[in-house]
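After the structure tokens below, expect a handful of questions from me.
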């Protein structure tokens, strides 16, 4: 940690700052500049409160050199973590995992039919929303428990593990019992009580990036889950909010090499929510695999025009199969299988 | 609602689209253009699912003309809503309400002492965090129930109503019992289960704007609370996330005239979290009052350098009093009192 | 174009609005709603001034249905445009074009040596900045004409066409004489006098997207150049500005399918400026080719640590060759060559 | 300047880095940490190329402690600079300067009539665009020289100094001869050849903030002008681009205390372009004056519905007078006059 103080800071204040850090067991080196003094603080600074330091009126700036995350940090865990979701392994050099399914579960026959199509096309897992975060209180809010049970029946029919979004601590038991991969949605990426609760679960977690969250904040949210004891976290990029109106969000694929460099955890991409338009899903899927993603999560619907939510971004099963086939060819180029 | 279809859309598809809307009791007018056809849909379109419409591959664009909110909409409720918080009235032409207090409750004596200073300076309400949303799992997470009880003692000592952040449905009963104004933080603005739960409470709600949420989404979150039966919602702008690093967030004061135009609810401003720097709090407080805000929520600490969180953005009590005095003079110019 | 008017707009005002449009040769259809009236305007609306319409206090909203661009619009020009840069063809199903070279030209021997390495690695064109847009007036501003002449010598030595950034109308003649592909940088994407001047040139133009410009504005800047008579425009995405600090900019690869859908012009990607970090260039290059880009522009330097600008994002020649080889394999998957 | 190197950096590399800085006359202090080494570089670092330093593969991060600007820096120039525009003084404790006028000059009688209304209302200067930056090549581009001459006639009729936007170096002589305050528009904030050219002019410059430029980049653009010899720069905030669609841009008023803290130059606010809506101009004008702005630039039109550009954001003269009167009352509260 590096701290700079303003020109004219009294000697006594400088001594007080140094003493404060030394009292926390840290060692301090002072560099005197022309217009500023700079302190280098060495030791375990993860518990130092940057904002408290910045509250000192003589302090000009505070810069953290070490990353604030530990358990997720590649620096302390060199090997890739491979997350096992009911037998499907994600990460490292494992097969690229394609997850398909409807935005919302609508009824048993719909989700079973789509699950069969997802499996036939080469998908490895089934997605489906039973609890839906909707901007409007007047919009369809999901089938709830009934939707979860429909997914379970689709798993029984196909063998595909299931992923669904958990929105509330109330449903932890239900998800622990029925769901294979617990999704934390973008709007809950910094719902800290929920992250803590999920950290106590025994199921792996798919952690979506928030609409306007930095990569560092995203890793810190994984750190929350891991600090609770659940180290099976998979990152999922789904686009960030920018000024651009032609897409629903701006898909940030540069997170793939960055997450792989900074952490040891797997990362998958959601091109459907990112673009909001099925016409752009294929191009972004191929790009994600080429960039090194460990998987994709794609919306698939047998009748997009009559989907209860997000039909505009859903692929039909035949198109989904084409996308998978092309992704497989790309995967081979980058030394992976699918 | 206005829908446009692509050049070359078959006549049969156009008829199907029209029939679909008419089946929902809506009336449809078709405008034929050179390159596009446009449909105007008239009637109660709040339940029409825009994304389902957009899923039709012949549809080029969908534009909503009517606002998607009803209960919060000024169009259907011309008079200003005045929210009563344990006797303190906010909104309309009522006195401008200044809320002060520490970011985090640290102990009873701290919060009582600050509460007395807030009251002496002219503050109308006391803020204090007992449950803290922190980016890092290793940072101080708040005193919890103990912090709420400390706030209650500060209320007893001063008579000031108290506002604190609710982060989880688990604590609804505690907040219903002890807290006068229930704050929903920026990170929970779209935590829909929490919004629904708060909609059933009997205490007014302070709804902060999310880091990257549009004004329309913010109003829709108020609509969630109001749809549940709790119509006492106060908006609170606390800055949005942009590319600018010199401030913690970018304070968007244009929301004041916009919220007043589109809704009938009160709005207050949080200059402390917005700027992240006590040096800019006075200027932004004066600006907010000049722009028509119904109140301010300002961090006040008796010893900012040793605050457990966010000391850098806290005012000392004497500075807080100066800010209030200047704000009062501004208030008089815009026809309000403080 | 769709216009909605407020509830309570007097009949006379509505008649006046209709008459105004009819006077411009447009036909108007009125749809009466409960809370709003909506007008559909049909005809050539490219010259209608939206803001003037919106200035009418009775007008609630103005929505353009047709795209405001014509010459760049795929709707009126179905075939892909292929741009010929001194014999190198870009666009359509042509070979993917990889442009390499230093951020700044430093001297003749440097640029000749790099050009030879670029060619040997499979690069099709040479880039090099002679006029540099620098945030600081105290930073190196480029070699100017001397740098352009060094590029010319590198072209003579290798046969590679050269691309360089034009920052001022003053240098149009120099660029017309010496440069094969005239780059308009991100900061000049809306320098309209420069766009008009370039529209009169006889050399193709590489139009970078502005830091915070929408895709529509970007296409409109191409339209400026094309309206001047120069229809050889190549788009170049180089990242947009967001809140994320881990990358220099956020590379938006979804522009590739969008530009190809909305326009008939080629698009290439600059992964070096987008990420600002050579470690992420390979992943983003592969992703760009997989997503359908017509080319790449990559910074290559023989001694990045001593580069005069942007060394951190430059590849060494051997790494550049590896990237090209992997991109070629990806290109084959998507039906292209390189 | 602070540099950190990666864990495992060889001793020889560390020595090389130190030697490199010492060769530039800088002194270096090394702080050894557990996972990183940190170097403090002391001396005049304005010429050190951060990106070249970051190009060293052993370097983890580079942080600048001193601001990169000198001439604009309050640290080296404590007193407020007051800029004199043909007798109107802006900055320090001078009267708040309100500039009014049409977006575009349309004809002599229009601009003379508006100028008279601006003067009668209490405005101190006249604005009017003769060269207009327009997104579309098909939109009205301004009257050019004829528009400048119309402004000159309005100045003769009223005595108000005139401000107009310069878009191209070609027109420098015309502006030097006729215009009192030379505006550099948002889209040209980083048009460096234009900034250099304006740095040689003898007229004060109004420097608008770019759509997505940081405060630091904005100050650096002022530094470009000042480094050329023209120290009469006035900043103008006109809103930044964010995700919010209810306003044209997001007005960032926190720049007022920040610009006053970091620099000694005046700053004025443009609420018309920022909000894009005349209904929000009054609130934002009052807020700007309350926050300490040195002036306002407001669009005024005698017939907004028939304005050739930006009518939706223009005030009628009577409304403009009301805004000025209220701003005057606010100004008195903050110790200024108007």
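Going in written order, the chains are labelled A, B, C and D, and every chain counts its residues from 1.
Basically, a residue touches a chain if its C-beta (ideal position, glycine included) is under 8 Å from a C-beta of that chain, and two chains touch if they have at least 3 such contacts.
Quick caveat, the model's predicted, so the values are computed rather than measured.
Novice: Where the centre means the average of the CA atoms, what chain is farthest from subunit B?
Specialist: C
Novice: Looking at B-C and A-B, which pair shares more C-beta contacts?
Specialist: Counting C-beta pairs in contact, A-B comes out ahead.
Novice: From the C-alpha centre of subunit B to that of subunit D, how far is it in Å?
Specialist: Each chain reduced to its C-alpha mean, subunit B and subunit D end up 31 Å apart.
Novice: Distance between subunit B and subunit C based on Cα centroids, please, to the nearest Å.
Specialist: 39
Novice: Using mean CA coordinates as chain centres, what's the gap between subunit A and subunit B in Å?
Specialist: That pair's centroid distance is 26 Å.
Novice: By the touch rule stated above, which residues of subunit D touch at least two different other chains?
Specialist: 212, 241-243, 245
Novice: Could you pull out which subunit B residues touch subunit A in their complex?
Specialist: 46-47, 49, 51-52, 54-57, 68, 133-141, 167-170, 187-188, 190-193, 196, 211-213, 217, 220, 223-224, 227-228, 241, 304-314
Novice: Any idea which subunit C residues touch subunit A in the complex?
Specialist: Its residues touching subunit A are 212, 214-216, 240, 242-247, 250-254, 256-258, 261, 274-275, 279-280, 282-284, 286-292, 326, 329-330, 333-334.
Novice: Along subunit A, where are the residues that touch subunit D in the complex?
Specialist: Touch list, subunit A to subunit D: 2, 4, 7, 29, 31-36, 38, 40, 42-44, 60-61, 63, 65-66, 75, 241-243, 245.
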